[in-house]
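Both complexes below contain chain A, partnered by chain B and then by chain C.
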Partner chain A sequence: MRANVWSGRNQVQVENVSDPKILNDRDAIVKISSTAICGSDLHLYDGYVPKMKRGDILGHEFMGEIVETGKRVSNLQVGDRVVVPFPIACGDCWACKHELYSVCENTNPNSGLAEKFFGHATAGIFGYSHLTGGYAGGQAEYARVPFADVGPIKVEDDLTDEQVLFLSDIFPTGYFGADLCDIRGGEVIAVFGAGAVGQFAIASAVMMGAERVIAIDQYDYRLQMALNKARATDIIDFAKDPDIVEQLKELTGGRGPDAVIDAVGMEAAHGHGAIHAIDRAKQATRSESDRPHALRDAILACRPGGIVSVIGVYGGLMDKFPSGAFMNKGLQLRAGQCHVQKYLKPLYDHIKNGDIDPSFVVTHRLELGMAPDGFETFKHKQDECVKVVLKP
Partner chain B sequence: MSSKASITVLRAREEVERLWRDSKYRSDSIEKADAAVRFVDAPGDRGTEIHVDVQKSAPGGKLGEAVQKVLGTEPLAKVKDDLRRFKQLVETGVIVRSEGVPEGELLERKRGQRAAQPLEPSELNEVGV
Partner chain C sequence: MPFPPRPIDSTLHGVTDYCAGGTLLTIFPRLASIEGTESARQIRTAGAIHGGYSAITDYPLGIVKLIPFKAHLALDAVGALALAVTPFASGQWKKGAKHWVPHVALCLFELSALLMTDPTGAGDFHGDIEAVRAANMEDPHRKIYDGAPAVRPAVAV
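Our next item is the complex of A and B:
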């Protein structure tokens, strides 16, 4: 089959590889109908996530048709149309029993490696380095789906691929970011990053009853999407004014947002001044892996007693964490890879009921063979790119 | 360096102790190491903690030095692999395999991972599928 593989920093290529096979009784094989490039794939592409290997198949947002099932997969039949969540979860361990699927205790067969980096192993993730298990990803014609009896959700209604594809990651991830903010109605929520995850965090915060949602980005086309599609109430364009913290105070009568969502992660672009220069230099020389501007500003901007919700991906260590602001303002820092399996059914129902149509983020549709171009366009934000969908 | 390894399995202690003796689940490296193994009820509803110490031998067993001989220089890492495999088998019924680590958690693979792409048909037998 054809698959998009990582072959070094800023290099991916579509190659012919073997077709996937069932490796144990709880696997299924999916013939992929649609797959996407995630913002977090850019961290792999840019070389900031450790333990990548040449030849690794990328991709953790995919859907398609079941073509083979292992002996113990009884909930799915050949021919079923499914969306596959990006974290691989066993459903049986203590974490899974508590709906903490992205920290499943069993699905990372490189847990010895992961413990060295994170203290503990987290769940396996498709196409996302050997630190999260070394699983082949879904930017391909076929994929093996382990624990297929736990993860995939069947699509039995008349919905298009683009309406349901993002249940695999970015819609639940954005929703999870908003869910961590304990929205009860009437809050002001600020969202750093108006990429696809940020768009869904904004749309979800609005659905949950936030009164005002402020989108923060440096690309006007993304901010316009946030206003017009995700229903943000306010925007901050830091290309025009880099002092985000001051602008957030201005927009909230000096209080600061009740909660701040970091939908940016380790490659934040907006830092300025001397500290930014130091972070850039340290990241370039690999002595600091995470570029922490979004998280620093989120902590500085958040109102005292508020919540900082981190769904942007970080991979290692950062410098100058504002511990004084964090502690003295009494903030709660919440984070995680989304526990997608927990949100699949309720979010599927939101789509089915017409509360939201996630396809609004799609700006580029390419054949799988064009994946390398998709990565370049997305990385450099060319052609007003927000989301690239690949068709095998 | 510590000589101890532990893991928690989400099953009652009686069941964990029974499966530990079952040849289908039994850990080769720990048995060869003849290490001391303790089972402890985990707090709350978290199942059972398994504690292994490779320097202490099982009652009436061999001594710690023998462990090093049998297992080479990294006996503890091997024991950890086996604890994880035991937990996987008991909790999920399968050994968890990725394309990068098709044999399942394996010390040797930490040094040389496969690329995360499907196995060649000829590799399937080698990895025990």
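Our next item is the complex of A and C:
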């Protein structure tokens, strides 16, 4: 089969590789109909996540048709159309029993390595380095889905791939980010990053009843998508004015937003001055894993007693954490890889009911063979790119 | 990770270029205790040349993007070796260690930086944007600017 494989820093290529096989009674094989490039794939592409090997198949957002199942997979049949969540969860451990699927205790065989680098292991994740288990990803024609009796959700309605594909990651992740903010109606929420996850965080905050949602980015076309499609009420373009904290305070009567969502993570671009130069140099020489400008600004901007919700990916250690502001404001810091399985059914119902059409983020739909150009276009924000879907 | 690891992309390489060029031009001769000697003049010249071709390199920190990044790296290698050879070619090495050690040390620093630099110029776009536009089954501009909002407010309260 054809698959998009990692070939080195800033290099991916579509190659012919062996077809996946059932290895365990709880496996299924999916013939992939749609798959996507995620913003977090760029951390692999840029070389910031270790333990990638040449030939590793990328991709953790995918869906398709079941073509084979193991003996113990009784909930799925050959021919079922499914969306596969990115965390691989066993369903049996303490974490899974508490709906903390992204920290499943059984699905990451390399958890010891992950603990050394991340500080704590995640669950197994498709196509996301050997630190998360070394599972082959879904930017391919077929994929093996371990624990298929736990993860995939069946799509039984007449919805397009682009409407349901993002249940695999970015829609639940954005929703999770908003959910962590305890929105009850009437709040002001600021969202750092208007990439696809940020767009879903904005849309989710709107769905939950936030009164104002402020989108923050440096690309006008992304801010326009936030305004026009995700219903952000305000935008901050830090390419025009880099002092985000001051602008957030001006928009909120000097107090700051009730909650701030960091949908940026380890490769933030908006730092400036000496601090940015130091972070940039330290990250490049691997003496600091993260460039945490968004998180620092989120803490500095959030109102006293507010919540900082972190859904952007961080990888290890960061410098210059504003602990004084964090402590003296009495902030709550909430974070995590999304426990996708927990959100699949309610979000599927929202899509089915017409409350949201997640396909609004798709700006590029390409054949799988175009994956290398898709990665470059996405990474460099060319051609008004927000989200790339690949068709095997 | 690729081996050998190449953590220096074109942006960071540019930072190193300007920092090194500036240091060689200004305080390096004094720090190396060679101020006023032929060695100081040679090292200042090397710093000026380095800063000069950095400014005309096609990388994110280049001012006028005239020469490709790979050509810049080749100039780095040639320049570093030339600097190391200079005190021996001119015979000034006979005056003592401080008249050749700085040249050789700077050469080794430059070659080390080169070995750790990603020659693909990671900061630069190297896709085929026309091919992407031709193959794209979506219209990005229309998706962003046209049509109704994609979400209903306050449905998940």
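Keep in mind that, in the parts below, the second predicted complex is superposed on the first by the 389 of 392 C-alpha atoms of A that agree within 3 Å, B and C clash if a C-alpha of one lies under 4 Å from a C-alpha of the other, contacts with A are read in each partner's own complex, and residues count from 1 in each chain.
Operating definition for what follows: contacts are C-beta pairs under 8 Å (C-beta built on N, C-alpha and C of every residue); 3 or more make two chains touch, one makes a residue touch a chain.
Everything numeric here is computed off the predicted structure, so don't read it as measured data.
S.K.: Taking chain A as the common reference, can chain B and chain C both be placed on it without clashing, or not? Answer clash or fit.
M.R.: Aligned on chain A, chain B and chain C fit with no clash.
S.K.: Would you check which partner chain A:M370 touches, where first means chain B only, second means chain C only, and both and neither mean what they say?
M.R.: second
S.K.: Using the superposition on chain A described above, determine whether A:Q224 touches chain B (first), chain C (second), both, or neither.
M.R.: second
S.K.: From the overlay on chain A, compute the angle at chain A's CA centre subtended by chain B and chain C, rounding to the nearest 10 degrees.
M.R.: The angle comes out at 100 degrees.
S.K.: In the overlay, answer first, second, both or neither for which of chain B and chain C A:P146 touches.
M.R.: So A:P146 only meets chain B here.
S.K.: Is A:G8 in contact with chain B, with chain C, with both, or with neither (first, second, both, neither)?
M.R.: A:G8 contacts chain C only, not chain B.
S.K.: Please name the chain, chain B or chain C, that touches the greater number of residues in chain A.
M.R.: Comparing touch counts on chain A for chain B and chain C gives C.
S.K.: For A:L113, select first, second, both or neither according to whether it touches chain B, chain C, the two together, or no partner.
M.R.: first
S.K.: How far apart, in Å, are the nearest Cα atoms of chain B and chain C after the overlay?
M.R.: 12
S.K.: Both chain B and chain C touch chain A; at which residues?
M.R.: 51, 54
S.K.: Per the contact definition, I'd like the list of chain C residues that touch chain A in the complex.
M.R.: For chain C paired with chain A, touching residues are 1-2, 6-9, 11-12, 15, 118, 120, 122, 125-129, 131-133, 135-138, 140-141, 143-145, 147, 149-157.
S.K.: What part of chain A is in contact with chain B in the complex they form?
M.R.: So the residues of chain A in touch with chain B come to 1, 3, 5, 17-21, 23-26, 51, 53-57, 72, 90-94, 97, 105-113, 124, 127, 130, 133-137, 144, 146-147.
S.K.: Over in the complex, which chain A residues touch chain C? Could you list them?
M.R.: Counting only chain A, the residues touching chain C are 8-11, 46-47, 50-52, 54, 184-185, 203-204, 206-209, 221, 224-225, 228-231, 277, 280-281, 284-286, 350, 353-360, 362-367, 370, 372-377, 380, 382-386, 391.
S.K.: Quick one: in the complex, what on chain B touches chain A?
M.R.: Its residues touching chain A are 8, 10, 46-47, 77, 80-81, 84, 87-88, 91-102, 104-107, 109-110, 113-121, 124, 129.
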